[in-house]
Amino acid sequence: MSAAADTPMTRGEVGDWWATGVTRIAPGEIELRGYPVQDLIGRATFVDTVWLMLRGEFPDPARSRLLEAALMAAVDHGPQAPSIAAARMAATCGVGLNNAVATGVNLLGDVHGGAGQQCMELLADLRARHDEGAALDDAAGAIVAEHRGQGRYVPGFGHRFHPRDPRRDPLLDLVEKAVAEGVVEGRSLEAALALEAALARGRTRPVPMNIDAATAVIYAELGFAPELGRGLFVLSRSVGILAHAWEERQSGARIKGPLPRSVLAGYTGPASRTLP
Amino acid sequence: MSAAADTPMTRGEVGDWWATGVTRIAPGEIELRGYPVQDLIGRATFVDTVWLMLRGEFPDPARSRLLEAALMAAVDHGPQAPSIAAARMAATCGVGLNNAVATGVNLLGDVHGGAGQQCMELLADLRARHDEGAALDDAAGAIVAEHRGQGRYVPGFGHRFHPRDPRRDPLLDLVEKAVAEGVVEGRSLEAALALEAALARGRTRPVPMNIDAATAVIYAELGFAPELGRGLFVLSRSVGILAHAWEERQSGARIKGPLPRSVLAGYTGPASRTLP
Amino acid sequence: MSAAADTPMTRGEVGDWWATGVTRIAPGEIELRGYPVQDLIGRATFVDTVWLMLRGEFPDPARSRLLEAALMAAVDHGPQAPSIAAARMAATCGVGLNNAVATGVNLLGDVHGGAGQQCMELLADLRARHDEGAALDDAAGAIVAEHRGQGRYVPGFGHRFHPRDPRRDPLLDLVEKAVAEGVVEGRSLEAALALEAALARGRTRPVPMNIDAATAVIYAELGFAPELGRGLFVLSRSVGILAHAWEERQSGARIKGPLPRSVLAGYTGPASRTLP
Amino acid sequence: MSAAADTPMTRGEVGDWWATGVTRIAPGEIELRGYPVQDLIGRATFVDTVWLMLRGEFPDPARSRLLEAALMAAVDHGPQAPSIAAARMAATCGVGLNNAVATGVNLLGDVHGGAGQQCMELLADLRARHDEGAALDDAAGAIVAEHRGQGRYVPGFGHRFHPRDPRRDPLLDLVEKAVAEGVVEGRSLEAALALEAALARGRTRPVPMNIDAATAVIYAELGFAPELGRGLFVLSRSVGILAHAWEERQSGARIKGPLPRSVLAGYTGPASRTLP
């Protein structure tokens, strides 16, 4: 009754469907991007290995430190973030800790986890306009005007909670230092500062970079593709998601909803009615 | 550089790794459990098809009606359930509606979605003790005592919110009618009633069956395996999860957390401190 | 140390953050869109309840039958779909059946589960062009030309596996009958047929509607919003996902990967190398 | 129509429902376990921050290095693992990179991701038996006999693919060195070696520790709770999941199933049949 034709094929043909350049295994052997894993254990740092796995080569120490700072800075922003809250609730529902973490990560979508990626795309756009001859400030002003005209936020700027995100300054200080030392080029930093200035022009209240733009600057300076901006944020925020899920697990709470049981959700639907 | 040996194998060998008895496809053909899909469209109901897919054969109409009632009864219990709340939050994070539904379903774990399955296992245990000669009331009393002795809830009985779950009576009425008509045997109903009576003995407040036990009785009478009790609940509650995610999507909210922004989560950790 | 201000607020204020028009609960009461749940059990079908929960009112029987047929038709397409395969693999990894279903649902994204939604948007676009005075065939031809010009598929037409999807004809027959009986208007059916004709013009091989377009026609004729096209597909395909996860669970397999253990994934990365 | 009573409550009461000891935020302030985030950026490593978030305090450098080695060692084992394969498939379905990572993490359940946690529980059990006076070898032999008697694997020992897991030796070398330097006590290492010896006694083929036991030894020596063994593995393997999802994303594949389209899944169900 098999629907599969019985013409021969090679194992290689089938294996090619799942071929990868990331990791090679054979009995007794595991190589990550060509490096035998036993050569790396105790020698390669975790952050260097993140870079190796995503990019194919190890970074130099100065670049690795920048990546490390960005990953460290975004680990958590407390339980009012829906990703954290959902993971905490999951941890009380009788699922594995991995399922709780997955629940949180699943919420880091375009709106909740995508601002860094979108900001990286914006920085690339601004650098491209600059390359084509536009003055940086003019091009930044045009981008801000385009967003405002469409009623859209400029991703990575302003924060609904912090007047000035406390992670902005120390991250940008590290980038400035790296530029001064020739570690990175500094063009994404310049682009982000130009956008920040354009957002402030003619306004009484500044709209400073938040964590998304500050890490976007770092990831862009390090040459990561914008979509990996989201990916790196996922790795970073997974630490906070895990810490919160674990705290909730230890509390012993069961089926934790968003509100204490004594507070009922409001109701806005039709009044009680009967079937005809 | 391929690690896959090039010894020939047949497509059948590889296809067998993914062999299934559920659905057969070939170009221009789709058969569900042997039935060409075009013969079923417009003729088989959705609930009959659920049964077919899970059990391999279609149910008779009377059994199908019982399954339909159980699936219908459990579609929703409002946004205070963590599964619903998490799906609503997901819907504001810039992920697809499918990701929001998956988020809710992911939370229907042992504690939040598993009581029906556990109750089905308990009913099977009680029926087995009865088969081995114990009086039903004695065996039910023993099971209740065992749970109380271990400080455990009897799954499917009592509700942290409803003194009496409004879904209990109409569901059990349907089962009683089906027993009277010879549609189902009634042994799982008897077992559940015996547990309910045992829980009430010597107490001033009854601990009546909730939706989990009422649907567990139906699924058990219909011959579903206990683990499918969880599976059927997932299908049922997916309706509520989708309805709530959709309502939230239409609201246009962005990054909805568990609390309004004006209310801060409390903090129980160490006071502000500095690195040495 | 609490960061939450101690200014009083009402429970209503907090409850309003989670207010909903879908379901109202109070001790001993559950109302779905205003209907006490006990009035619906044994009277409302599952499919009618899906409609009620998503739309706020019950459908008439003829419309409900159309919805039922569409939900039934799309329950499964076998384990080669990534959603099904991922759910089957999940079922062997020691997670709950709900986590396995969530894994499958999570994969029904824009590309794997979104064609119906995109087709509904296309039908709405075509109807709008028609309303603005364009001949239907001309407007359909223009849309096809636009897609071809951008190298894009027309969502809902053609199938990478079936020369003619066996679900197309019986679903469209039901719509035609419903149009003849005045149950639905038929404008989305006309639009879809016009697109099908436009795709065939000047080609030797037709590109007939697949399941996504056929169900998109039904959902559009019934007045569902395009995004709910995805939502309804999720409910429908959840049946197949559950059936496959359950079949895999019963097999007792552990940590099932995509390939039998004897077949190794190919490797395309760098040759073995050492740290400096 | 609000179901929420209008008795006043304080914001603190509601905030307490979400109270946490992990992170405190206030406008312009973010503190992780009491440390202002701006003091940590550029100074705390990512791995130290993982420790801080999970344990509440920073580790000393020697302990941090052990944690780093364990996290680094388990980042990937190739696309034949269901977690990796599912994430790769997800990446072709039109969902966000975060959803693809969540899909992979969701599969790291009791069977696929839980062996480390179970091994940590076993090591704790063996240490406890030793504390109660049993000779370590006797107690290890008893545990092995218990598992064999129940037909169960001893979690963390043996590998279905590697005769000897290449990650075992370098990880245990690091632990031995740390014991020699007084960094950790060495009791979990002794326990694991006793189990390995007990598994080998009277057998011709050894059953050496795999990555799960080797990392379990480290996490146990560092004082992590067993369930965090799973949590730390999730953080580690997320790197491989992300790298593979990203590789697949770059391939441009759409709706990648487990088999090439030319190979059909086998079918084991009933022959074609018709409705009566």
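Residue numbering begins at 1 within each chain, and the chains themselves are lettered A, B, C and D in the order written.
In this text, a contact is a pair of C-beta atoms (placed from the backbone, for glycine too) under 8 Å apart; a residue touches a chain by one contact, two chains touch by 3 or more.
If you're wondering where the values come from, they're calculated on a predicted model, not measured in any experiment.
S.K.: Measuring centre to centre with C-alpha atoms, which chain is farthest from chain A?
M.R.: Farthest from chain A by mean C-alpha position: B.
S.K.: Taking each chain's centre as its mean C-alpha position, how far apart are chain B and chain D in Å?
M.R.: 28
S.K.: Please report how many Å separate the Cα centroid of chain A from that of chain B, as a whole number.
M.R.: Whole-Å distance between the two chain centres: 34.
S.K.: Residues touching two or more other chains, restricted to chain D: which are they?
M.R.: Residue numbers touching two or more other chains: 2-5, 9, 11-12, 14-16, 18-26, 36, 40, 44, 78-80, 85, 94-96, 98-99, 102-103, 106-110, 113-114, 161, 258-259, 263-269, 271.
S.K.: For this assembly, give the contact graph shape among line, ring, star, complete and other.
M.R.: complete
S.K.: Give every residue of chain D touching chain B within the complex, in rising order.
M.R.: Listed in rising order, the residues are 11-12, 14-16, 18-26, 31, 33-36, 39-40, 43-44, 56, 94-96, 98-99, 106, 258-259, 262-275.
S.K.: Which part of chain A faces chain B closely enough to touch in the complex?
M.R.: 2-12, 14-16, 19, 24-26, 78-83, 85-86, 89-90, 92-95, 99, 102-103, 106-114, 160-161, 254-259, 261, 264-265
S.K.: Contact residues on chain A for chain D in the complex?
M.R.: Residues 1-5, 9, 13-14, 17-18, 20-25, 27-30, 32, 36-38, 40-42, 44-47, 49-50, 53-54, 65, 68-69, 71-73, 75-80, 85, 96-99, 101-103, 105-110, 113-114, 161-164, 166-167, 169-171, 173-174, 227-228, 230-231, 234-236, 238-240, 242-247, 249, 259-260, 263-269, 271 of chain A touch chain D in their complex.
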